[in-house]
Structure formats: structure tokens, C-alpha cells
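Two complexes come next, and they have one chain in common, subunit A, joined by subunit B in the first and subunit C in the second.
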Partner chain A sequence: MQNRAIMTVRRLIIAMLMMALGQAAHVWAQDSDQSSEYLIKAGYIYNFAKLVEWPASAFAQPDSPIVIGIVGTDPFGPIIDKVLEGKKVNGHPFLIKRLKPTADVKECHILFIGSSLGPHVADTIRLTRGTPILTISEIPGFADHGGIIHLTLEQNKVRFEVNVDAAKEADLNISSRLLVLAKVIQQPGDGRKTE
Partner chain B sequence: MSSTNPQTGVSIRQALALVLIALLFVPSSFAAPQQSDIPDVTAMSMEDLMNMQVTSVSKRSQKLADAAAAVFVITQDDIRRSGATNIPEALRMVPGIQVARIDENKWAIASRGFNGRFDNKLLVLIDGRSVYTPLFSGVYWNVQDVMLEDVDRIEVIRGPGATLWGANAVDGVINIITKSAQSTQNAVVTAGGGTEERGATNVRYGGKFNKDTYYRAYGKYFNFGPSDYPASGVTANDNWDAWRGGFRTDWSPSGPNSVTLQGDVHTSKFGETLTIPSLTAPFSDTFPNHGSFGGGNILGRWNHSFASSQMSLQMYYDHTKLIDDSLFSDRQNIFDIDFQHSFHPGSNHEVVWGLGYRAINDNNNSSFTVAIKPNQLTLNQFSAFAQDEISFADRRLRLTLGSKFEHNDFTGFEVEPNARLLWNLTKTQSVWTAVSRAVRTPAITEEGLQLNSGVIPPGGPGNPTPLPAVVAIMGNHNFQSEDLLAYEVGYRMQVSSNFSADVATFYNQYSHLRTAEPGVPSVEGNPIPTDVLVPFYAANNMGGGTYGGEIFGDWRVLPKWRLLGSYSYLQMSLRKNSDSLDPLPDNPAGSSPHNQVYLRSSLDLGRHFEHDFVVRHVGSLPGLSIPSYNSLDMHLSWKAASGVELSIGSQNLLNNRHLEFIPDFINTAPTEVKRTVYGQITWRMD
Partner chain C sequence: MKLQNLSIKRKLMLITMLTSSVALLLSSASFLIYDLISFRHLLTQDLDTQAQIIGYNSAAAMAFRDEPVATATLAALKAKDDIVAAVLYTPDGKIFAEYAPTGKSAPAVIPPKLSRTGYRFEGGYFDVLHDVSLNGERVGTLLLRSDMREWSLRAKRYAIIFFVFVFASGLFALLLSSKLQRMISRPILQLEDTIRMVSANKNYEIRAVNTYGDEIGRLMDGFNNMLAEIQQRDTALLNANDQLHSRTEELEREVVQRQQAQEELLKAKHAAEDANRAKSAFLANMSHELRTPLNAIIGYSEMLEEETRESGNREAIQDLQKIQAAGKHLLSLINDVLDLSKIEAGKMTLHLENFDVPPMIRQIVSTLEPAAVKNGNVIQVHVDDNVSSMRADVTKVRQILFNLVSNACKFTDSGTVSINVEPVTIEGHEWLRFEVRDTGIGITPTQQRQLFQEFAQADTSISRKYGGTGLGLAISHRFVQMMNGYIQVESEPGKGSTFTVLLPVEVKAETPENPPSDAVTEVSGPIPDAGFNQDTILVIDDDATVRDLMSRFLSKQGFRVIATGNGDEGIDLARRVRPLLITLDVLLPERDGWSVLHEIKSDQELSNIPVIMLTIVDNEATALSLGASDYLVKPVDRERLSSLIDKHRANRSSSSQNGNSSKGPAEKHQQFVPSASARG
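Showing the complex of A and B:
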């Protein structure tokens, strides 16, 4: 009875692996519509760059790069570099920099704030006040702290919220084509800063 | 294969070899994704991107990457694809956790050893509310239930979590976290039935009062039919019926405040076969017994963000009533208030500190078998903790120092310090190590119980007296806290977004573990003697060590196919002190297995089908004479139409009938785990 149990487990595991491999060969041939989370988010960032207008002063030349700064834990890794390599938006190529939290973020057009800065999110956002930087993060409550775009996952699909007041303060014009797809967040309308 | 091979030996090696082969078979294309492998997301519109399903493992690993502890996260996807319909079943996939089903409505669940129905070294929380009962220092697993569709994740930490979670988080903490009300909008209805869970339905509706305030309300019901006794195959009495309902509201306006209010009410009935001692021949009585549970809870939490710090204040009230006919009834009220504040006094320090108070009120009614003195009691517990995470080398090295300080009515002051170090070797590999002290404070039963566990007939072997001898397990006001000093080391690697592996090892040194020391027998009954009482008093005369580890790997082989595997190893070496007279043999390791293996394949077939199957091996429990067993579980789900999902699952598909545990203290008859088949329809009206 002991040997039978061993044989059964062995056969099961082999059967399982073979079945899975067989299915794998079948699905490999199919078009995949499922991808890693950060591949999709890199695509979002590309689209944000297309659908957000920076003030003229943000770019020295018509072909100056759109600088994307990543502070805190970088969840993208090489994926975002591969996705944006050789791409241009309105003639501007992309330049991706990984920055220390204390670095000067003012040269960035887009600032992605990684989750490790969760406890310091309000400080980091404050560093960008008064500059035309599109702040993006996954940190919960990001939009409430004055961040502009908050990325979330709902039922395994990437969604985003936009804080339109923070965007206005940063002198960024967000296309209505993007706003219509977002969950729009507004800060209290009396213009007082919330801390 | 020689028939003298140890039972667990060969099949374990087979399973382990195959797990290792599967995990080590890493194709070279992991080095960096080739340009041609990645779909061109820049050629897709926003609408297309919004329709893409996320399936990478990095979400799980992201949370773990910063933890200097043995953490495992059960995601909502893991729960859904496993076909688990209750929390104990969902916990089977966690390395280092032992889940043993006693009968249809009772489980014994432990982390890293010491399993028992009334296991006492694991802390369980649901949305911040502790469901650990101070009555016997364990968890009523059949009272805890949540609507699994609305669970965001279950975080399991093996090893002491005492500094953050306090006493009794000795060998592990299980944190069940439900989704926010905002994430559970609109209606979900599930209806299902199967061979053991005869019928179940869950209904939830979520909506919003205004743009800042979201809510959900739910109701659920299930009914389990009885299982069978081993060997005889006679139908048992372990049926189970439960109703539960509740709500949650989250208010999160833009600004620094957010408030959550949630609550549940529940009632359930269960059956079992109970054996209790008696003073008249035949001195023990076995009969079908019934019981019921009921209660409710309400919890509120307020989070506030300051300019550069955060605080949270949480209060809850929990009422649980248990009536176990012929045995015991208990009403427990718990009020808990907890405050936490986190801030950074310097750019390299992150400090969290907090204060807590808990009041426990217990009322119970005894029977001949179980009596607790006093019948009514109120306990007060005070706690404070502080922890600083200090970063060096640009956050590559993080040292966490902290301690919890508690005062309880049984043992006075307790201090639980810990030190943890996390070293990010590279962006994808980290090593961590920890030393911690944790205590398990005495339970109400250890202080004041009399459990008559058996009667030895007069004149029989072991009882030369003319009166029946009642063997009783008694509490003792001098019972101290059990003590643990834990040393842990772990290693984590996230090779790519497709493959991660995690190893956690531990060496635990225990002292003052519970023993039962014989007392002086006495004749009871006045004026006519009725019996001789043979008491065994709770004492703390055992110590020793346990060691082991868990290795876990998660590999997305292809976008549609994921493999998950884990192996858990445990060795226990416990010894009674030289002055102990406890009659049980040394090394009660026999209630936890030395080895456990878990292997899962998750496959997506086309856009509509999901197929999972699991092979599990649980080693033998030699102290309970329970052999090892293997189980093949399968789950298939079909998105039949928009918002409609049909699923069918089977546990123990090969019908490898087996017992998983024999309960301690209260003698209820365990029943077999047979093949179960369960089907469910889920409607989502989004």
C-alpha cells in the first residue's frame, strides 16, 4: 500500500507536468492578451506623455527629451527602458533616470514615485509644487496627498485616478480624452491647500 | 523499494525532486526580455491597455521585498483559483503552516509546530480585529468566516510577530484583509453546492453615499452535510450550518483623514460525536452532540496623515457566544482600543510606536466534564510598542529594533524585543535575519480549568480503589507564560518579473512549555464518597528547540501558465525538565508533520477558462498514529458570459480517504477526508 501511494504520486506529478506542457505548447501559438503589470503601466506612461501638455517653458528645444524620473523602489526594471526605447512624443524622445529621493527632481517632466517612499509621499510631492512635473505613483492615497496620477489595480486591470486640481497647479493641461477614462479626483474647491 | 523505507522518505524525495527540477528549469531568456518578446504597448490605445489583464507575480513580491520576515501572501487570485470556500482551506497553500481537518466543522491549524485543535501559538486577525480567544489561547476556526470573494489578501508571517502584534503571535500571525468598500461595488451573488458542502450562497451589494463614502453589505449562508467515520464508513454527525451578514463603510475624502466602520453578525449550528466521562458504568458515554455559536462585532478605524507622519486609531467590540451541549457554554465580550503613529525623526529612521488596551469579560457555565473557575471574570491588558527602522547605505541595509511591553492580569509585565536586519544584496536579491523574543501568556483555562478527561473504573488496572478514579486536567494560578527565543535567516530572489524564490529558516528555543504535573489524589464527595480525583496540574516544565525551514518558488513559465511550489521542513526536539513528572513521553512533536510539499499549476486556457491543479503531500503525525497522505485537488472555472462565472472543483480527487488529526483535550470523533466535489456560479453585476 505504501508503494502504491508512491507510484500514484509519481504518476500524478508526471501526468500533471505533461498535461501542463501540452497545454503550454498549445497556448504558445496563440496571441497573448495578458501581460505583466509593469509592461501595461509602461504603456500607460507613454500614453500619459501623449495626452498631457506641458507649458512651453518645460522644453528647451523642440527635440529635448521628456525626462522620466523614478524615485524610490523601481517596479519597472528594464521593461520601461525597452518599451520607450526609440519612441518619441511630439518630437521629444524619452530619457529615464533613477533618482535618489534627495536628488533634484526639477529637471523631470514625469516623476514616478515608488512604493518605498510611502511614508514620505507628502514630502516628495511638496518638492514638485510649482513645477510642471506630472507625478505618478501606486502609493495608496496618492491623489489625496496632491499627487496627479494614481495607478491602481482593479480586478486585475490597471486603472488610474487623476487629481485635476493638482494638475492645474502644476500648469499641466490634461487632454479630455484621458480624463474621460480616468476616475477624476478634485481637491476641496475653495482653493485652500490641504495638508 | 524496500518495505522498510520510512513512510515519508521515498515519496517526499520524489515530490521534492520534481519540485526542484521544475523550479530549476529556468530558460536562458530570463536574462533580459528580448525586444521581440514584448508586445508593443506603445502601439496600443489607452482603451486597449485598460482591457489587458495583469498576471505577473511581481505584485506579490513587491510587498515581500522589504520584509525582514518569513511572509507569504495569499492573493485574491490564489483564493479564487484554489476553490477554497473557507479560511482554513485557503491556508493549506501556505508553506510552514499545518492545516489538519478534524471533522466537518473543526480544524487544527498551527505554524511551525505545536498543532492542536486548541493550538495556542498563532495569532489571527481579521481587518485588525484579533480572533484569538483568551479562553484557551487559540482560535475557534469554525466561528471565523469572511466572504472570500471580498478578501483582498491574507498575509501570513511564520515566526514571531510579537513586537508589532503582541503576545501570542509566537509562531505566526495570519492577517486576513478584506477589500475596501470602494473595491467591492455593485452586486455579487454566488450559489454553489457539492458533495460535502451541500449548499452555500453569498450575496454582496456595494454602493456609495457620495463621492467620498463607499459601503458594502453582505449576507452568506452555508450548510455542510456530515462526513464518515474512518474504517467503518458509518455516517458521522459533524454537520454544520452557518449564517453571517455584515457591512463595511469607508469614508475617504481628499484630505488627511479616512474612517472605516465595519461589523458582522453570525450564528451557526454544528454537530459532532462526543465522548465524555461518567461516574457510573460504563464510565464513558459516546453520543451525537450539538452546539451553536453566535455573536457579532463592530470595528472602527480612523487614519490621519500629518505633514510628515501618520497615525491610526482603532476600536472594536466583539461578542462571541458558544454553547456546546453537555459540555460547556461561554459568553465572551472583548473591547479593544489601539493607537499607532509612524514618523521619521531623521532621513534614515522610520519609527512606529503605539499603545493599546483590551478588556475581556468572560462568563461561562460548566458541566461535569469541563468547568472553569471563576465562572465570571474580567481581564485588562495594557500594551505599548515602539520600533525604529534604521537605513544605511542608501536603504540597502535596514536594521529594525523594537519591543513590545505588555501587562496582563495573570503574569504581570512581559517584554518582547526583536531585532531584524534586511540586506538588499542587489536589486533582485535580499537576505534577512532576525532574533526575537515572544511569549504566550496563560489562557483562562490554564488558570482555572478542571477538565475531567477520563474515568478509570474501580478495581480495574490502574485503579485499585473501590471508587471510580476521575483523571482531571487542572489549571494552576502559578502557570507562567511560555517563552520563545527565535533565530531566523531568510533569502529572497526575484530573478525577473516571472520567477521568484524565497527561503526562510528558523531555530526556535522554547522554555516554560506547558506540562501537566500529577498532584495528590483525593477522595471526593461528602458525606458519601463518589470518586477519587486524580489531578494533573498545568505547569511549565518543558523546553527545547525546533528548527526547520520553508522554500517557496513562483514561476510564470508562460504568460498563461504559472507554477507554484513549496516545501516545508520541521524538526522538534522538546524535553521535559528533570523535575517534571508529566506522564506523557518526551517529544510531543508527533502532532505536526516533518515534511509538507505543495505544488500547483495554474493555467489559463483561452480567454474563458482557468484550470488549476494542486498536488499536496503532508507527512505523518507519528504521535497520533496518522500516516502521511497525498491529495490531488483540481479547479476549473469558465467565464460563461460577461459577469457570469461557473466553476467546479474537487479536493482529494483520487478519493484517498484519510484522517488528518485526532483532537486533544475534548474527545470528539474525527472523521475522514473523502473526495469532495463542489460547483459554483458567480454573477457579478458591475
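Showing the complex of A and C:
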């Protein structure tokens, strides 16, 4: 437990450092990398919506919005709202909701899990179980934890991993065209691996 | 060689070849073009499909900016040989990914910027631009560039196949047409052979052998029919030619016969003409021979009458007058016959001169007054005031009128003979109309028809009753014709006759005459006076009777008369005596009067002495042309002779008034008869 506490403290310190650094980096890259990275990532989320097929029961009506829920820290700010404003996929507009970690995520079609929920990622993923929700996160090992799409940075480029088993469990059909571009991970999404 | 001169065989082959080649070329060309077009369409569709697939496959990569994946997707085009370039552009026109097969320089074929979506051919390449979209949203543009390799390969293959095919089928067509053209050309060549044989041998019995039922067969039939026709006509022509030949021979024989007949006729004509001339000559001679004794009879009876009258023997006078009348009648008959013979011989000529008409009429009337009185007739004369002179042959006019009036007097008993003369204008020409009307026995229409013919007196009984030769009207008729006039008769038997003569006021000479040499009497310049005897007349005549009569007559008129019967002596005497005047007979023993006249007129000293020709033969024209001053026909009319002498004496005295010979003509009555005259 001690170890665990020490590790938690250490993690907190690191997190705080990172936050400080991140904040600084955020400030520093406000005009360039930081904003452009999330602009790209917002565009990716939009493209994922195009290449993922939800079960028909997921929408009450053909023009019901695709609800994007953001839990934890929100890295996008107003960028994602701008990117998705007025956009439609298969007749569905986008609705962005910033949620509390405890909030009910069942009404979401896409759930972006902010990095702040890193320690509780498995719990958060578990909340989505049984509902067709496309989970996206930057949290390292997200796909291994049963998340569906994990956004990464490789050589300053945004890449992503897709856990096809998790998608299948969530009753989501991911286009092969997307899979061609992704790093495919086959791991059931019940978090057994982390345990 | 011109196309139209080619043989039918070649023409047919040419036509077949040309037609089949054109048809073949057109059909294969259209097929090829259609095929190449549809093939290209297929290729473009194929390329389009390719672009769609690549676009679809690369859409996600484009969306997620995954360049390696996009490049890999493009690299799938490697299987396609004809794709020379493939490029993916981002929506803002930047190159996102590209593909170029090895060996090709990619940048060279990639357009620097996007133009538009769709197709385009450019620089031998076919470009397809295709939008790359993800879920309905455009994420980029794909360019596929093809060099259409398959298409051009196919076109090349087609070209080779096409030419081989065309060549092979051309050969085949040539073979076929060279066999098949005989169907048409053989009968034509056969016909041509026949025609050549016909025209070369001129043998129209040859016929073309016709085994064809088509147009050429009909042509052959027509040709054969024409040959038959020609043959028929040839035969007919030959027959006609034969007939013509025999007919020509007949005609030639006829011509020869006619020529012979003509020659005979010509001979007969010459004989007749000779006979006629002989007749005329005989008549002239006979007239001359008859007149010579008549001269003596009339002349001496006149002389005797005068002398007897002086002696007072009245019974003798009456007898002498009868002799005279008979002589004159005989003379007139002879003159008529002579005139007619001259007319017939064509020797009668016109001597045109201007003369006054009224005196002539008066003279005729006074001459015929006794004849009228004898039959108890009255002569009425009416000459229009406008009638004055005319130009004509006065002798002949006088003779015509004399004839008509004397006839009228002769055939009328106790009646009226009226003479009317008046001018008329017919068709712009001036004429004189002489009308002689009587109330005599008249002439029947039958008689009228032969009235103006020679020797055709109205009735033979007439000549016995009334006398005359019946030549008067015939001569008058001829004279009127000579002067371009007209004569006609209107008559009713028992009531009288009217003769009308129309003569031009100016009679035109038919042939130009020699102008009368009046100049002889009008000598200009001084006359050599030596030996000139104003009152001497030289008489040259071989007839002693004439010499005697002339001497006696002229001596009574107060002239000295020198007479000779020899022409040369006459000329000699003329030179010595220089007489006032010479009378010259035409017929002289040694030389004729014409040559004497010529010599006198050629002599400068003698040429101005007037010469009066005396002759029995009427030849006034010759006389006047040779220089004679006047011309008298024997027997000499004494009154005329004395008036002529008076005229010449007046002329000569007026031209030589200062001459030294002023002796009175009556002073010297000397009968000088040269020795030659004793010959008579």
C-alpha cells in the first residue's frame, strides 16, 4: 500500500509537473503545435464518425445527433465545436457534451476520455459496456484497457490504434478502410489484461 | 492514255475494282473508326473505374493524412501498364501522394496544379481527374494519366490487318472481275469483229451471231437489221445505177442526134440567109436597073412637057403627063420594094434631125390634094398650136404620113379625110399623136390583124381595084417601130377607119451615128479666089442622059454647067474651074463616087466646094460621113436640087463677099461638054 501511496504521490508529482509543463507547453504551443494537434485530432474524430457504423438502435431518429461526450479534461476547448459545427454524417449532426466523470454516458455515441481520467480509465470504459459507444482517448494503453481508439503521436504525427474486439463487443462496425490506417489491436475490452 | 480510250475489258475491271475497293474501304474504315472510338470509350470507362477504386481506397488515407498508405494504394496501379502517372492532391491543390512507374520521370508528367475534374487529352496522354471523397465529403483529388498504350497498339494492329485485308480482297476482286467481265465484253468484242469485217470487206452479207438475250443481244439484232437494210439499198442503188447508165447512154445518143439535126438546121439557116441576101441584092440591083431607064423616061418626059408647053401642043402635053404619071407610079413601087428589102436586110438606118412639123403636114396635104379631089374627098387638117418641131427621121415620118393619107384618099369616095396632130404626155414622156381618119370602106377585124404584114393587102381584089403594092402599111409599121413609136387602127367596115401613130417628140438613136459633117459647108478663113467661078456647076455622072438633063435644067436656072463622065477628069476640072458646086454620081465606071468624094474632100483647095451626091442606091449616111454636103436620090427632084443650090450659093457668097467674081449668073450660058461626055 505504501508503495502504492508512494507511487501515487510520485505520479501526482509527475502529473503536476507534466501539467505545469503541459500548461507551459500549452501556452507555448498555443499558436502552433498544440492547437494544430487538436485541430487534427478533432478532424480525426469527425473522420472516425464517418468510418464507424453504429447499430440502427443507437439513434432514435434518422436525424438524431451523434452525441460526443467529453469526460475528464477537455484538450480541445472550442476547437472541436468549430470543427464539427454544421457537419453531418449520414444525416446526423453532432452534439458535443462535456460530462462529469460520474455522469451517465449511455446516451453518448462517442466518448472522449480526457487524460485526467487515466487512473480510472478501466472504470470509465466499464461504464460504456453494453452500449454502442465509440471510446476515444489519449491515455496510454487505452486500447489495451479495452478502449476502442487510442490516439497517439508518432514522429509528431497523429496515429491511432483500434481495438477491433472492443469495437465488436460494443456492436460497432469499423470500416476496413479505417483499419488499414490503424494499428489494430485484438484484445477483449474487459480490462483483463490490466488486471 | 485517256480513261475513255481504255478497252471495255479494262473499263469493266476498273469499275469493279474501284467500286469494290471504295465499298470495302468505306465499310472497313467506318468499322475501324467505330471500333477505335468505342474501344477508347471503354478505355476511358476503365480508367474512370480505376480512378473510382483508387479514390475510394485512398479516401481514408487522405482523410487521415496517411501518406504511406496513400502511396501504397497508388502503387497498386503497377499492374496497369498504360498508367504513366497517378497523383493524389489535397483539396487545396497540393500533392499528397504520387505514383510513377519505373523508368518514367514522374514530375515531368504531373501537372503542377489541378485544373478541374473530368477527362482531358493532353500531349498524347489521357488524364482522368477524380474527386476523392469520404462519406460524401471531398478529401482530395486523384489524377490518373494514361498513355493509351492499348489503344494505339490496337490501332496499329488494325492498320496492319486493314491493309492486308484490303490488298487480299483487291487481289481477289481483280481475279473475279477479270473472269466475270468477259460476260459483257465478249459479245461486244464479237460485234466489233463483225463490224470490222463488214467495213473492211464491204461485205454486207456478214451477220453477227447472236446468242444473247440482253441489251447487247438486241444491239446485235439491230446491227443485223441495219446490215440487211444496207444490203437491200445497195442492191437497189446498183439497179438504179444500171438504169441511170442506160438512160445516160440513151441521152447521149439523143444529144448526138440533136447535134446532127442542129448542124443541119444551121446549114439550112445559112442557106436561107444566103438566099435572103441574094434576094435583097437581087432586089436592090433590079431596082437600080429599073430606075435607070425610069430616070430617062421621067426626066425626058418632063423636059418634053415643058418644051411642048412652050410650043403649045396640048394633046402631046396630056400624053406626056400620062407617061410621067406612069413613070412616077412605077418609081414609087420600086422604091417601096427597095425600102422593104433594105428593112429586111437590116440596112435601114435612122437619120435624126430637128424639123418643124406643121410645114411637113402642109407639104403632104398639098401633094395629095389632087388625089383627094379626084375621089371627091375633102381633106381637113387640124394641127394643135402647141405642135412645133420634133427630132426624128423626117423622110420616114413624111413617108408614114404620106402613106396613111394617100390610103385614106384612095379608099374613100366623096368623103372626108381628117388629119389631127397633137402633143400628148404618157408616163412623163412627150409624144406627138398623128391621127388620120377617113369615112371610107373600112377594114374588117380579120383584115386588121394582117394589115401591117408585108404583101398583105386587105383583099387581093383591092389591089386590082385600087392599085398599090400593099407594102405601104408594112413599111410604115417598120418605120414607126424603128423610131420607138406605135401605130394602131380602129375601123368599122363601111363606116371608115382611123389610123393613129404615136411618135416620141425626141426620137433616140438606137446606135450612135457619125455626126453629119456640116462643117464642110461652113468653111472658115480666106478662100483662094484664083479661078473661082461663082456661077459654074460641075456635074460628074457616067450617064449621058443625066448629064444632058442636068445641063439643060441648070442652064435654064442661069448656071454654066461643066459635065464629065469620068471621076479623075472631074477632080482635074474642079481644080481648074473651081465651081460653085459639084454634083457627083455614086456609080462611076473607073472609080466609084465615094473615092472621088474622098479625094475632093482631102484636097485643101477643093474641100470647101459643096458636093451633092446623086445616087440610085439610098446611102445617105455614107455620103454625109464622107463629107458630101447633100444627098439626092435619082431621079432628081428638080425643086429640091434648085433649093439646095440656092442655099450653097448664099453660103458661099456670104463667106466671100469681097471676092473678085461678081459676074451675073445669067451672063454666061455656055454648054461645055468635055470630050469624055461623048462616050454616053
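The working rule: the second predicted complex is superposed on the first by the 152 of 195 C-alpha atoms of A that agree within 3 Å, B and C clash if a C-alpha of one lies under 4 Å from a C-alpha of the other, contacts with A are read in each partner's own complex, and residues count from 1 in each chain.
Quick note on the criterion: contacts are C-beta pairs under 8 Å (C-beta built on N, C-alpha and C of every residue); 3 or more make two chains touch, one makes a residue touch a chain.
If you're wondering where the values come from, they're calculated on a predicted model, not measured in any experiment.
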With both complexes overlaid on chain A, does A:Asn90 touch subunit B (first), subunit C (second), both or neither? second
Who does A:Lys100 touch here: subunit B (first), subunit C (second), both, or neither? first
When the two structures are overlaid on chain A, which partner does A:Gln61 contact: first (subunit B), second (subunit C), both, or neither? neither
Between subunit B and subunit C, which one contacts more residues of subunit A in the superposed model? B
What is the contact status of A:Tyr44 with respect to subunit B (first) and subunit C (second): first, second, both, or neither? both
For A:Ser175, is the partner it touches subunit B (first), subunit C (second), both, or none of the two (neither)? second
Examine A:Pro78 and indicate which partner it touches, taking first as subunit B and second as subunit C; both and neither are also allowed. first
Determine where on subunit A the residues touched by subunit B overlap those touched by subunit C, and list them. 40, 43-44, 47, 51, 157, 177-178, 181
Residues on subunit C engaged by subunit A in the complex (per definition of touch): 56-57, 59-61, 63-66, 69, 134-135, 137
Mind pulling up the subunit A residues that touch subunit B in the complex? 2-3, 5-6, 8-10, 12-13, 16-17, 20, 23-24, 27-28, 30, 32-40, 42-44, 46-47, 51, 73-75, 77-79, 82-84, 87, 100, 102, 115-116, 119-120, 122-123, 141, 143-145, 153-154, 156-159, 163, 177-178, 181, 185-188, 194-195
Can you tell me which positions in subunit A touch subunit C when the two form their complex? 40, 43-44, 47, 50-51, 89-90, 157, 175, 177-178, 180-181
In their shared complex, subunit A is touched by residues of subunit B numbered 1, 3, 5, 7, 10-11, 14-15, 18, 22, 32-33, 35, 38-39, 41-42, 44-47, 49-56, 58-59, 62, 65-66, 77, 183, 252-256, 258, 305-310, 342, 344, 347, 350, 394-395, 427, 497-498, 557-561, 563, 599, 601, 603-607, 611, 613, 615, 617, 630, 632, 654, 656
